[in-house]
């Protein structure tokens, strides 16, 4: 269960690449095909989650065929351990998983972003205090805490969202804080301060627009983690009530689908979670790379500079002259 | 036969979004034993690229053409592998950002000993002792060999970098803006050190900088570069008193002098883009002496006097008179 | 510890009262104590970045503060701009003491003093077009009434910094401008408030030589016709020599020499100034002076040498220099165009 | 002098974090209103005497803060974390045994992951945007994205016929096994294969990406250009300069992730019913065995703190610039 934050090197000053109109996020989606692929994958699943249930051939909880029926014409993805149509479950389940993913990421963005901006901008004691608090949160293994809270408070959709959100905000907070801290030192912010601009104005005019793209990148990555955590919680039986990709995996495991050879009972939900996470990762990573041209030209690589023979030079120059 | 000879050096870079940047467009110069040659020009004129090309320290996106000879042996055309044995033994380098040029997690002494042991000039205790002597030579106590770069001040780090460059007794020392990040007093110390090295060790030094007065005071000869080409090259005295390229003259005029009371005038416009083919003289749009020929064909680097070359049509026979009128040199 | 209060640094000229008057300015930063030293209750150590600086600027005059890094020149400017807390001393702007003015009263004062920063690549918000960057000061201070009025003021300011035709630049993003153009936009943004005092911290050190002169001449024109006072911070003595009316040389938080540019350059009094001038490379190879290279580097301000703070590196130091901490004393000239230096060897000429 | 400060600060931070973890642990299980935990001793089939001793030991009838003090005292002085509802055995001893099993499996799995991760990350950084780079980065992302339990289930589905897929050893009960130690080691080894591989596949992706970005960053540093200028061959530069500096972020992130792996292993242990702490947590959740859950939670938190502390020390030792 992945709880360590992604490869975003925390603390790097992310200078938002000046945009040629339109926010860098849009610009990145245009330029980097990996981001576009990510958007397409996530988009597809969101679409399925929204319109899917109305198109589902069967009900997601009433058995509509033999147990572990192999994929066939009228059960495109076969049936699970209790005879329920896997495709319908996938559609309804997808909705829950994505809701948890997006909602928890939103919570993490608001809490993490807020604390990150507050700590980064105010500096001094507030900064140290908030960051120390974040350290403690980061140290606590969030899966176990989720189990404890879900057990003690009882499983419910809002509890799971809240719990996942409240435990994933620490990564967002740390990244946002280091970005805000570096922006605050920028000359144009100091100049605005020396002009007597109010703190509110500086944050709204200079800090937020600069940190927004990074916040979006981190939030997109948090969606991936939230979906992960939801599936882990479901696997431990403390997930959301009702159907989700996580609960489908858990049912398949409970009813030993693997040894029954019924791959269609657990492969679709597993792959779906994997694909959505990959989609989010591609988008988030692309935006973060675009913001952060920190990967300088490597001074060392397998390929080396080339030497041109005199012959090609002369006709090249001839072409230049003519061109 | 000169110690270091560079003949018609070209460097192209493949740009990420397609297109090619012609950063160095054919420069030729020579450096004798113990001579101090300046390579001066503004940012983007190709001086650092040229310097790096001499040691083959270019990224994979680069393509070079031309010849670099040390004591008559060609070292560039063989590519990175053939160049490697010559690095640090024949030709060494000091970089501008000394802060990061030294590995932060290794002691300074070990970084000086490293090339010695690799190239076999000294090993073990002998190498350690040699490193200590080198540090002493550049004005740092030998005991500092066991300390880490972050414990050194800016000036001391640059001295340590020079000591490291001398590890394998190179014939030529290339210095890329060695004192730009330093205060004027520390700069004077470093330059004094470089000059003494050329006298005591017969070391040839190539100093790359954008600071014209630095070149006239420290170097004996200088090459003024503009838009990847040699605009003019001559002994520094001639450069100031008898410039034969308007860019040299205007550059001197734009540089404030401590005691000079001539008016400081900036040069309008900006250098041409090097990813586009060149038409006519690169300086034509900014020059105060432009005439029709300048916008059509590119001036060749021509000998205008002994050891004095310039690439400007004004130096052609029929325009000789006009050039004299313009020559007031910096003192105009 | 700080020198006895010297006579008023410069007699005020007839007519214009001083635009800016600073007396015995001290700016101290606490030194980070290790945990262990904190536990052992060692007294908190302080670094005096600015240790008793007095200076003044008249309208239309450019004062250059010259010194090596770490001499306190930037801290002085920051203190004047009230961006850094002043430990003690007095700052008067247009005759009014603003040293410890509350934020509310300080706001209108901030309109009259602006700062131009060193790094052109960071002085403009990358997401603001030029129009919005130049307009921001007006919006903050509620000047210029309608949008149209502010647009006119923006165009006027851009023309004034020689970015003309202004509508060619007004819609551009900073990354679409050269270093020199960005610095001009930053200056335009300062001018819209019609400041009386402009502080320029190394305004040209990151620009190419061919562009520097343009910015410096622009600053020169602004002070002449706008009768604005300018304080320029620079490490480059040649720039100061050419463009400033008066020069103040700083060393380790103190002004060690001060006077008109011509006097200080032609007839330097303090050994540090002489040494600095001897190592500044000249354009003409034939003017090679014998450089007086001081060994070592500017010592750490945490543990200052006793007596005159320059004596450990001073080529002409005498025994008494390690005891006496000389204050600025008159070396040349009478009232008005006075030339001072803080050295025991200096005697009124 | 300064460097000693750093170590002391890190020790202090670790101790405070442990204290915070214990407090949160206490709060979660005790003070939350309406939680069945309020009566620690209400173990379903505990004998009255046991109930009495537990009430006495943990002062369950005392006011809250008194309970807290007693809880700390029991925990730190007697290392007693109460009794498991399941079998009335002291939680501490049970957890100790299970932790050993978990660490065994986790160690092997993480070792695979670290080795694969560092090698692929290292090579793909060096051969940047080459075939190797694309392949290894994309595989890393795929495995990084697949849920752990899904990878486990796929392995069972594929290899159930060749490798044991449940438990830690064949013999029903070790006491009567009688088999030679070698055969039991071989048996445990076989049982450990699939869980360890699952863990490795889950984790290596992240290490590859982290190592790759750390290496790319160092390969762009000026001192690498200096090393190349010295005429050193690429292999030597990469090892003695680039890798040496890249180790700083790598070591930190690996140590940090170790802390979380112990918690992460829960899913693997459930899929393969490996008798470790993860399995214990799973059962404790199912049977609402709060003392066991509380104990497991504490052990996992302490492991995170421990590995973070190790990360700080390693970073401190590797980087001479640290003076805090």
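To keep things simple, chains are lettered A, B, C and D as they appear, and every chain counts its residues starting from 1.
Methods note: a residue touches a chain if its C-beta (ideal position, glycine included) is under 8 Å from a C-beta of that chain, and two chains touch if they have at least 3 such contacts.
These figures come from a predicted structure and were not determined experimentally.
The innermost chain, defined by the distance from its C-alpha mean to the mean of all protein C-alpha atoms, is A.
Comparing chain pairs A-D and B-D, the larger number of C-beta contacts belongs to A-D.
Here the CA centre of chain A is 23 Å from the CA centre of chain D.
Mean C-alpha positions place chain C and chain D at a centre distance of 57 Å. Per-chain CA centroids place chain B at a distance of 33 Å from chain C. Among all residues of chain D, those that touch two or more other chains are 221-222, 225, 228. In chain A, the residues touching two or more other chains are 297-299, 301. Residue positions of chain B touching 2 or more other chains, listed in rising order: 57. Those residues of chain A lying in contact with chain B across their complex are 297-299, 301, 303-308, 310, 313, 320-321, 323. Within the complex formed with chain D, the residues of chain A that make contact are 1-4, 6-7, 9, 135-136, 139-145, 147-149, 151-152, 224, 228, 231-232, 235-238, 246, 249, 252-253, 257-259, 261, 263, 266-267, 269-271, 273-275, 277-278, 281-282, 294-302.
Against chain D, the residues of chain B that register as touching in their complex are 55, 57, 84-89, 92-93, 95, 97, 100-106, 114-115, 118-119, 148, 150, 161, 164, 167. The touching residues of chain D, counted against chain B in their complex, run 221-223, 225-233, 236, 240-241, 244-245, 248, 318-321. Interface residues of chain B facing chain A in the complex, by the touch rule stated above, are 10, 12, 56-65, 76-80, 277-278.
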